[in-house]
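Naming follows writing order (A, B, C and D), and every chain is counted from residue 1.
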Amino acid sequence: MKNKIRLGILGGGGDSLIGIVHRIASSMHDSYEIIGGVFNPDYNENLKFAEEIGLDKKRIYEDYEKMIEEELKLDESERVQVVSILTPNFLHYPMAKKLLENNFNVICEKPMTTTYAEAKDLENIYKSKNLTFAVTYTYTGYPMIRQMKEMIKSGVIGDIQRVDLQYYQGWINPIIHDSSKRSETWRLQPEKSGISCCIGDIGTHAFDMLEYVTGMEVKELLSDLNYVYDDNTMDVDGTILIRFSDKIKGVIRASQIATGEENNFTVAIYGKKGGLKWEQQNPNYLYHLSDTDPMKVLKPGHDYNSNFSKISAKLPPGHPEGMFDSMANIYNGVAREINGNKEFDGEYPTLNDGLRGMLFIEKAVESHKNGNKWVKLN
Amino acid sequence: MKNKIRLGILGGGGDSLIGIVHRIASSMHDSYEIIGGVFNPDYNENLKFAEEIGLDKKRIYEDYEKMIEEELKLDESERVQVVSILTPNFLHYPMAKKLLENNFNVICEKPMTTTYAEAKDLENIYKSKNLTFAVTYTYTGYPMIRQMKEMIKSGVIGDIQRVDLQYYQGWINPIIHDSSKRSETWRLQPEKSGISCCIGDIGTHAFDMLEYVTGMEVKELLSDLNYVYDDNTMDVDGTILIRFSDKIKGVIRASQIATGEENNFTVAIYGKKGGLKWEQQNPNYLYHLSDTDPMKVLKPGHDYNSNFSKISAKLPPGHPEGMFDSMANIYNGVAREINGNKEFDGEYPTLNDGLRGMLFIEKAVESHKNGNKWVKLN
Amino acid sequence: MKNKIRLGILGGGGDSLIGIVHRIASSMHDSYEIIGGVFNPDYNENLKFAEEIGLDKKRIYEDYEKMIEEELKLDESERVQVVSILTPNFLHYPMAKKLLENNFNVICEKPMTTTYAEAKDLENIYKSKNLTFAVTYTYTGYPMIRQMKEMIKSGVIGDIQRVDLQYYQGWINPIIHDSSKRSETWRLQPEKSGISCCIGDIGTHAFDMLEYVTGMEVKELLSDLNYVYDDNTMDVDGTILIRFSDKIKGVIRASQIATGEENNFTVAIYGKKGGLKWEQQNPNYLYHLSDTDPMKVLKPGHDYNSNFSKISAKLPPGHPEGMFDSMANIYNGVAREINGNKEFDGEYPTLNDGLRGMLFIEKAVESHKNGNKWVKLN
Amino acid sequence: MKNKIRLGILGGGGDSLIGIVHRIASSMHDSYEIIGGVFNPDYNENLKFAEEIGLDKKRIYEDYEKMIEEELKLDESERVQVVSILTPNFLHYPMAKKLLENNFNVICEKPMTTTYAEAKDLENIYKSKNLTFAVTYTYTGYPMIRQMKEMIKSGVIGDIQRVDLQYYQGWINPIIHDSSKRSETWRLQPEKSGISCCIGDIGTHAFDMLEYVTGMEVKELLSDLNYVYDDNTMDVDGTILIRFSDKIKGVIRASQIATGEENNFTVAIYGKKGGLKWEQQNPNYLYHLSDTDPMKVLKPGHDYNSNFSKISAKLPPGHPEGMFDSMANIYNGVAREINGNKEFDGEYPTLNDGLRGMLFIEKAVESHKNGNKWVKLN
């Protein structure tokens, strides 16, 4: 019999998009019960929101420190087991640190921290504990991404020789060209968003995905970013040359000024024996290319998929699942680990994924600022 | 402030697919709380399942009659407000009847009943009450279907002159050609499944969708069904000629022997000024054709959509939603009506949709059995 | 060494679209030389056009009877060997008849004649001769259609159980709704276009394709056509139920009022072991579905294709060919037969294809006019 | 009345693919007559081939110098007017030079020469003459590429801010990993193929296309190429960062080890007001994105296209044209210029396109060899 995992939430109140995503994702596999948390810095708003989503007010707290203090007073059988951090980025680090130190499992939105140094610090604490720490690179939860990962691991496309990832959006276009808008949006203010806009927000998704599906570590990169205006200090577009080695290369392309693009994230991995391609906007299709055979189009829910892909689809073939389901698979992965049922590598993105993500952002900006030079990623 | 609606569930226990769909759908908009119900005819299984999905056992009942009896004893402020019927088809009618008679709102899986006569009886009871009754034709909840409905209503494609709907699956192919399998599956046994397999199961989806998006009633049909083997008494394939009038015609095509098809449901409506096309397997795309302009591809979440479509998407453009989200929109429609916020025609499929569906099934079989003659739908 | 085949042309002068198609098609395989013919009923226009396309005027004739008379005077080594008939439909029969009687090979545009009786008469003459007679159902020349034919023949999808063909256009929409336009266009005048507009023009393509790819004969049909206005006597839309037998059924759907559609011709054939799908507007893709395996996407020019498909592609994979190339494959088939190199069934559509096409048109109209009754096709 | 242009051909005999492409292209608009040339270095093969394709032997020559000498003896009204150069690359320069010097118009396959220095020399001669010189970057002839060029020119997508071109093939994959094959293929031998394989062969197509559709000159590039094996001296893969300016950037990606890719050439151009995307493998679709409106899908032959696009399509919408038609549009452009009917910028790629292409190849290799440094393109 399954016991529901007791989940606390920090942030994500009101109309927060990421709030809805995590609430729905946590409910989809009947594995979690939301116990309480801190949805809003304003305590009254916090209470009001808790009521709206049907929660008991008893375990709605004034701030995360209070929450930790109070929860620790409860018996382990009642205490919140996992806490999801959905706050603005600069709060991720202090919250995650304190939660780890007090032996709570953590599900943290990306980017994990605002600097690589903070991320290293979290890693140190994490290594001294026996806890689960997930970073929600949402797209790694799609069934066909997991199928891609398994196919690459089992050698279906042979040794990798070319990689190409694209993450194109156009949403910042109307902002960047308006001098007042671009000076006012928090997304383009380093003090609020860290050192990078485009690479930090979407380039990291591509980077994590690349290491996730290939199971390999990028060794060095060379980047060319675009700030578009001299008074703008945050990149909104960039191309990043990637090397796994001198003989295995590729590129990550990210843009928020690809006008008219919505969320056009694509992954293409080519090996000696074939290629695999996927598009986030049609996530239920995986394209398998080969030198000699017709292209194959794989879809979720079929017996021909790997077990890891199969446990990641709830509906039969032809009944489309979407982004909530992808995030739900990550939540389910955390639940499976906590419940001792973890079976596959990659059921959720780990603290190490978060750490590599921070390294990638810092190095991509460094390469650009140093005149587009190669920089190593370790 | 929003109060959660108290939801009871009949059926859908264990690994039931439809059970998961309704549970997830009911949770997606934070509008419902599952209070209890009867998930399984075996009471012990029932209790066990309730525990698995984290429900209190207090309001898990032995059967639906007991549930009604006990719930009526509770104060209105605690009593279940809506009951979802997810049982085998032959139970829909008695359950729905008793629920309506006792003033519960109902969400009923399709087909609504097993005969048109039963459906008419439900209609009579329903008309004497002031209750909400939804029939879960799931696909009507997709944002781009709702956009299609609104565009047709507002005259974007002009008067309709040709309609074409396809619902192709291949799942029964390995069963139909194996004489023992085809005699054993309940899907091909009239006593368990009613008078039709393919038309009853998927043809009705197409029929309902046609009347939903056009806002018009089909006047007559002529059908040719395929039973494939002489010892098989249930259709597995059919083509149904459709007339709205002598001058407005079209076709519904449905098959479960379209080998290799998953759930290939498509809708194409052509009017004097343009056409609209949609495919369930890529539900986030709506194609708008015209005589003179380039084809337009509409997607959910954009400002160019109608309000009804906009309230039906939770994520920004480019973040795909799927079938759970579509069902969740229907649940949300019911919730909005119960909460007095209903704003649009078609927020959920009504009892009348269920009634028309039963009429369609009976008439499609009648037309075929009478030698492919036209029959009227009223 | 290859000798070029001497080709004469009747019709297709001026800006005639079909004229360009046949000229280009005849040149693509270096197999034909256009010798002369009658491009235009006006002799001066005829001469002028011949000069424009770079032909010697010596063998430009006043009419087809004169052409036959004069060509017969020439030595066989100089005489035109094949004549392409590209005139309005009502001239096909007298021209083809006289050409056959005088031992010329014939390439005839579709429809082959204006009545089935004429078609039968041509068949009688043809049977007494040893000549090549092709009817240019252009789309049968596409490499992936030929691949489909070969795959079906070799049993890849098993016994056929469901067929579905669509030919949707929207071009007549602006004409049909304008009472003066619809009374003036020759396409809607029976004396100029025969008894059917939509079925005769495009429905026949679908019908021929169906028999071409399956290698089977349709046994009976039931049709429902749409004339849209009472003062219009020619169908512009129709759905035709198809039976190969009581157990093998399907549908042909054709429309010229599918507003916004260009030339949307699709073919789907489902068998016990799989399905094959193709779309004329993206003719270089063939989709192979199966119960158990991922969908395969076949493309021209690959080694995995059949020999018949391979000889039908001139360019390597990924270099798209189009409709001219398809027609050129039919011309090449005729040339290969005349040169004694014919290797495959179906290198060009035969007189029998033309005959079946006329039967289909007459029976489709008959079924509709008799109140949508089944009629046999033999 | 139209006079056919007298065309001579150098190279392209036997089964040469490029030979067929040019012959078909030259015939498609009824504008050219092939008069003679040198198809093969072996004179007997040359004669034999001429007979096969139906040419008179009188003007089949032993070599190009003889051809020039003899043709000059003829009256201008009979003399070859244009010569197409289809030989191996190293012969392009001497042939083109001598042809220009003797006042023949030239159609030259790409790459125009083997070095930038040779290309500059041709430019000098060309500038002193009043001749037409075309370099056959085939893909610039597609109707939707021309539509893209016109839309950009007229400001439809506003000032350009991001460009992204991909040319992915997989054909060299089975060669590169086999040490004997990779040492033997002429494509990987600098003395036969120049200094670059992948960038020289397909990267140049992308570069030319970029400058063609944008009407802008690339200012600098930084490239990272991949040779895969130490004993291989020719690139088979590369990523090239592109700058029009500090604020307008992008990337060209080219690979011949993208295993399973056929000829996957894509073009994406984003401006302040929208984006345009195109794929060579489905060349009849142009995607127009915007911030605010649904994506539009433009197709050839429609009135909504520019005049330049319209004259580049021969068939009505929905009747696909392919690569031959694209090349034919370039031939037609040359013919229109020679006949004094040239109307649009870009009816054929010019000598300057060929010159820029050579500069691009040399600079891409230089950047890579110098440790991935920025190099200027002028």
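Note that in this section a residue touches a chain if its C-beta (ideal position, glycine included) is under 8 Å from a C-beta of that chain, and two chains touch if they have at least 3 such contacts.
These numbers come from a predicted model, not from an experiment.
*Asks:* Count the C-beta pairs in contact for A-B and for B-C, then report the pair with the higher count.
*Replies:* Most C-beta pairs in contact, of the two: B-C.
*Asks:* Using only Cα atoms to place each chain's centre, name the chain farthest from chain C.
*Replies:* Farthest from chain C by mean C-alpha position: A.
*Asks:* Please work out the Cα centroid separation of chain B and chain C, and write it as a whole number of Å.
*Replies:* 43
*Asks:* How many angstrom lie between the centres of chain A and chain B, each centre taken as the mean Cα position?
*Replies:* Measuring from centre to centre gives 35 Å for this pair.
*Asks:* Could you list which residues of chain C touch at least two other chains?
*Replies:* Answer for chain C, listing residues that touch two or more other chains: 261, 288, 295, 299.
*Asks:* Under the stated contact criterion, what part of chain B meets chain A in this complex?
*Replies:* 1-2, 4, 17, 20-21, 23-24, 27-28, 30, 33, 48, 51-54, 169, 261-264, 280-284, 299, 314-325
*Asks:* Okay, in this complex, where on chain A does chain C touch?
*Replies:* So the residues of chain A touching chain C come out as 288, 292-299, 302-304.
*Asks:* What residues on chain B touch chain C, complex-wise?
*Replies:* For this pair, the touching residues of chain B are 157-158, 161-162, 164, 166, 170, 173-174, 177, 222, 224, 226, 228-229, 237, 239, 241, 243, 247, 249-251, 253, 255, 257-261, 268, 270-275, 288-291, 295, 372, 374.
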